[in-house]
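Chains: A, B and C, in written order; residue numbering restarts at 1 for each.
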Amino acid sequence: MRMQLNAKVFAVAVLSCALVIAAAAGSASGLGSRSSKKQTITVWQFWSGFAVGLGPLQKKLDAEFEARNPQYTVNDVPISFTQMGTKLTAAIAASSGPNVVSVFPGVAGAAYRNGLIPLQGFLKPADRKNWRLLNIAAGPGGDILAIPWTEYGYFVYYNKALFKQAGLNANNPPKTWAQFMAACKALKAHGITAISGGFKDGYEWEWWAYPLLDQLMSPSVTKRWLQYDYPITSPEFTTAWTAIKNLAPYYAKDAFGLNLYNDAYNNFNSGKAAMVLDAPLLSNVVGAQKALGTANLGVFAVPRLPGSHYPPFVDAGPNSGWSITKWTKDTAGAWAYIKWMESKEAQSLAWSMAHLIPNNAQVATPTSNAAFKSILTAIKNPLSHTIYVGFPVSVLAINERYAGEMITGKASIDSVLKQMEQLRTTLKPKIVG
Amino acid sequence: MTEHAPPVPVVGMRPRNRNVRKDLRLVARNVAAIALTLPFLYPFYFLVITAFKSNQGYAENQLGLPHPFVFTQFSSAWDSGSLGRALLNSTIAAGIGALVAIVLSAPAADWCARTRSKTKSIVLGTVACIWMIPMIIWIIPMFVELSRAHLTNNLLVLGFIYGVTNTPLGLYLLYAYLADAVPGEIREAAIVAGAKPRHIFFMISLPISLPVLVTIAVLAFVWSWGDVLIAAVLLQSQQDWTVTLSATSFVSRYGVSIQQEAAAAIISMLPMVVIFAIGQRGIVKGLTVGSGK
Amino acid sequence: MSVTAAPGRTGGELWGRVRARTQPVLAALPYVAPLIVAAALVVLAPALWGLSRSVFNWQPGSASPYVGFDNFRLLADSTTFRTILVNEGVYLLGLPIWTILPLLISVFLFTRVRFAGLIRTLIFLPAVVSPALLGIMFTPILAPSGLVNTTLRSAGAGGLAHAWVDDPSLVKPTIIVLLAWANVGLGVAIFTAALTSIQPEFLDAAAVSGATSWQRIRYVILPGIRRTLILWMTFQALGVFLWLFGLIFALTAGGPGNSSTSIDYDIFTNTITNGIFGVGAAESVYLLGMVIAIAVIAWVIGRQWSHD
């Protein structure tokens, strides 16, 4: 009978829907259950996505940990940096998820303090002595929520041949900001694009901002800043932002519409621009050396502004950080993983396999590359630090959005800094409590 | 039948000039009408020719046909944008959305078409709320709740939500249609003959509304395919992304060329346009059958 | 003493009446319940719950203390939020274009034009493309060396080439024009249907009495399609608050700066990206208020016009 046929068709449709829902529920709860006698440590990390060669290093490090700790097996989940925030928020809402997670130390990590446990209690005196950057790891409340892991430093790379062309002394790069501006002017006068980069994605602006702010913030101001107690409308920021805006004429004409990654190294490596600012992944340095010739590639630290409170140093900070989530039952196992990643052996591997600069002071970094040597020396300088960890990520996002407009003068620096400060204040209850 | 002598062409004979002017105006109007479609088709044409050009080919000739014809832009967009897997995800989610929209709205529409009870306005009001409340207002709390239940990154849940979001469309179309196509007299006749409401629903309403059901399915599918808000909120793992979400991420990435963007746009739109084209005749039927009766 | 029950008050009769009242509701249940339950679970309950979080420092997964109207005040004082409100206002200025363009085109095609149906179908193609896909599609078209600028340059009008989505003063007008392009087809379809409902005698009478096209539109057509006109304008106005997310997400990400950010995009940023859920909830309350305001205004205008 027709009714039966139609009813059957409809019933099939309804049943399919019901099956779909049941399957949905089933698939969700079925995730993550491993029937194994070993304890699983689930790790969410974003650092292996930063460059192509880091995937194999991550696998090797995990394998070595498992070999040394046979009672554990590592479930390593690479997650892109841009998605990590949302995924972690979702995990915290669910009170379940990874055991160890990549989180930047300082304020960035404090944003997730509801889901992470303080780690300072796990630190032994030897750890405090050997692991660099712990001094900037604590969040505003004083808790260390993420252990810094491996280091970077900002440097200006330059094309010696182009410097010579502009009549500059290629073996004596600028040390003060005034010398730097003079060099830019000379390059421009000779028709050479002084600095390679783009402002559309906003990162170039920030990469200048961190080293300059490092210099302008006195030790006491730095302390207040890292405790979330210093407004972005303060004069240090205005000075730094203005200095960056004054670099505008020395970029290529259409720099405001370009992205950092699109052009920064491509133009520099093809000899179209004399300088590029970067925090090495040393693989970039190797690429530049190949393109320009090792003897032709020079390095210098970001020059000193007149208001600098310090002798010369570089902005040096962590590539990543390690945190333990608060629903983790076996915190000892999670800490063992972190301790392994911070260890001399692991970071030696990271150096030899991928040239990740160690933050473990015990690690020797043998190299015959002259550029690497000067970079490493500068980074290991105990004065080298960064104030980057005092920025909430979403406040930086505002700066990134307006970078293109600030560099062309369409947005005023004051208004942007004001908006950043407004958001910083809005986030205070979430970050500090 | 009378025969007319052909008009003698005399200069200054008025009726003849008026005809010519009228004809010219008609021709002008037709030309203008055709020209009207050009701005609407041109962007699609541009997308297609651009996607088949090499970077060099585009630099040399932006507006002409591709020469040579290459597929590299498609393959690079496919690979770096992970669009292949995303197409499958979209099909699953949009397909479930279409199914759920029909399953939820068809019985309710039949009930609305035959009932005069006051509850009807509650039902219609509820459904109106689904449509009028901005999605962002309920999707964020849903995200929190689904996170707690470990149901994020789940295409089946996504599809179900798509279905619910499209029930106002289904209810409205089907209710209006059934009110006309299965009017009170027919229902009463059937009841007199001994039929229960469910008999009427399965034997009369459903078969007769097939074209409208197709319309609803196609529109719900197309809508779900094009959604990016619900997908962006609920899917954080790239492997679960729908093609619209993947393509969005791809075109906003650094170093992506115009040709790759065009290729990504075509890949993400094509299946949806195809489904629409197939179901289009049904849509026309569905929207006009009711008035024809 | 024995009381004779009044008619209709015995237990049995009461029960019968209850049965009579609930019977239709019970019979309706299997048809209507799935829809209502799904709507409640997916839309209504979450919406109510989410809106209620606006008076808390909502932190999913941990303590969310009550903060009164702090979130609301924060938004009211925020420069970003004010910019966004201005953005929405500017988008609403697109209403005339979004209405007049399809109206004129549908009137034009309504006169003796060959293949009017085919032309209407072709113009309808953009309407199939959802806002997000529109954004993806127009990224290469509006790019500095994309379709628009290239066409201008090859037509010798290179000076008119601009950074359509990278220039803060151009991005909103560009979006308005884009939306006009996308919605014309749907508008033409709807207005054409409305035009067919105007009594042909009126149009003929106007033609015979020598009315110009403009007079025909003003005195016969506009009043004739009044209801559709209001519906369409309401639909477009609401769209500015309900549907912009996909387009902005795909085309501009709210940029440059915040010059193209819509409210729903900002709510998304505040909650999913920045993690300040309480502020996002308060912003949602503001958004709902605006949507209701528009609906009420449209309803009032509609009643006014139909009383004329």
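Definition applied: a residue touches a chain if its C-beta (ideal position, glycine included) is under 8 Å from a C-beta of that chain, and two chains touch if they have at least 3 such contacts.
Here the structure is a predicted model, which is why all the values come from computation and not from measurement.
Of the two chain pairs examined here, B-C and A-B, the one linked by more C-beta pairs in contact is B-C.
Ranking all chains by how far their C-alpha centres lie from the centre of chain C, first place goes to A.
Spacing of chain A relative to chain C, judged by their CA centroids, is 40 angstrom. Measuring from the averaged C-alpha position of chain B to that of chain C gives a distance of 16 Å. Centre-to-centre, using mean CA coordinates, chain A is 42 Å away from chain B. Residues of chain C in contact with at least two other chains: 60, 253, 272. Taken residue by residue, chain B touches two or more other chains at 103, 143-144, 147-148, 160, 163, whereas all remaining positions touch fewer. Chain A has residues 86, 89, 93-95 in contact with two or more other chains. Residue ranges of chain B in contact with chain C, taken from their complex: 26, 29-30, 32-34, 36-37, 39-44, 46-47, 50, 62-63, 103-105, 107-108, 110-111, 115, 117, 119, 123, 126-127, 129-130, 132-145, 147-148, 160-161, 163-165, 167, 171, 197, 201, 222-223, 225-229, 232-233, 244, 247-248, 251-252, 258-259, 261-262, 264-265, 268-269, 272-273, 276.
Interface residues of chain A, counted against chain B in their complex, comprise 2-3, 6-7, 9-10, 13-14, 16-17, 20-21, 23-25, 27-29, 31, 80, 83, 86-87, 89-91, 93-96, 201, 259-262.
Residues of chain A that touch chain C in their complex: 85-86, 89, 92-95, 111, 114-115, 200, 256-257, 394, 397-398, 401-402, 404-405, 410-411, 415-416, 418-419, 422-423, 426-427, 429-430. Against chain A, in their complex, chain C makes its touches with residues 57, 59-62, 67, 74, 77-80, 144, 163, 166, 168, 253-258, 269, 272-276, 279. Residues 96, 99-100, 102-103, 106, 143-144, 147-152, 154, 156-157, 159-160, 163, 198-199, 202-203, 206-207, 236-238, 254-255 of chain B touch chain A in their complex.
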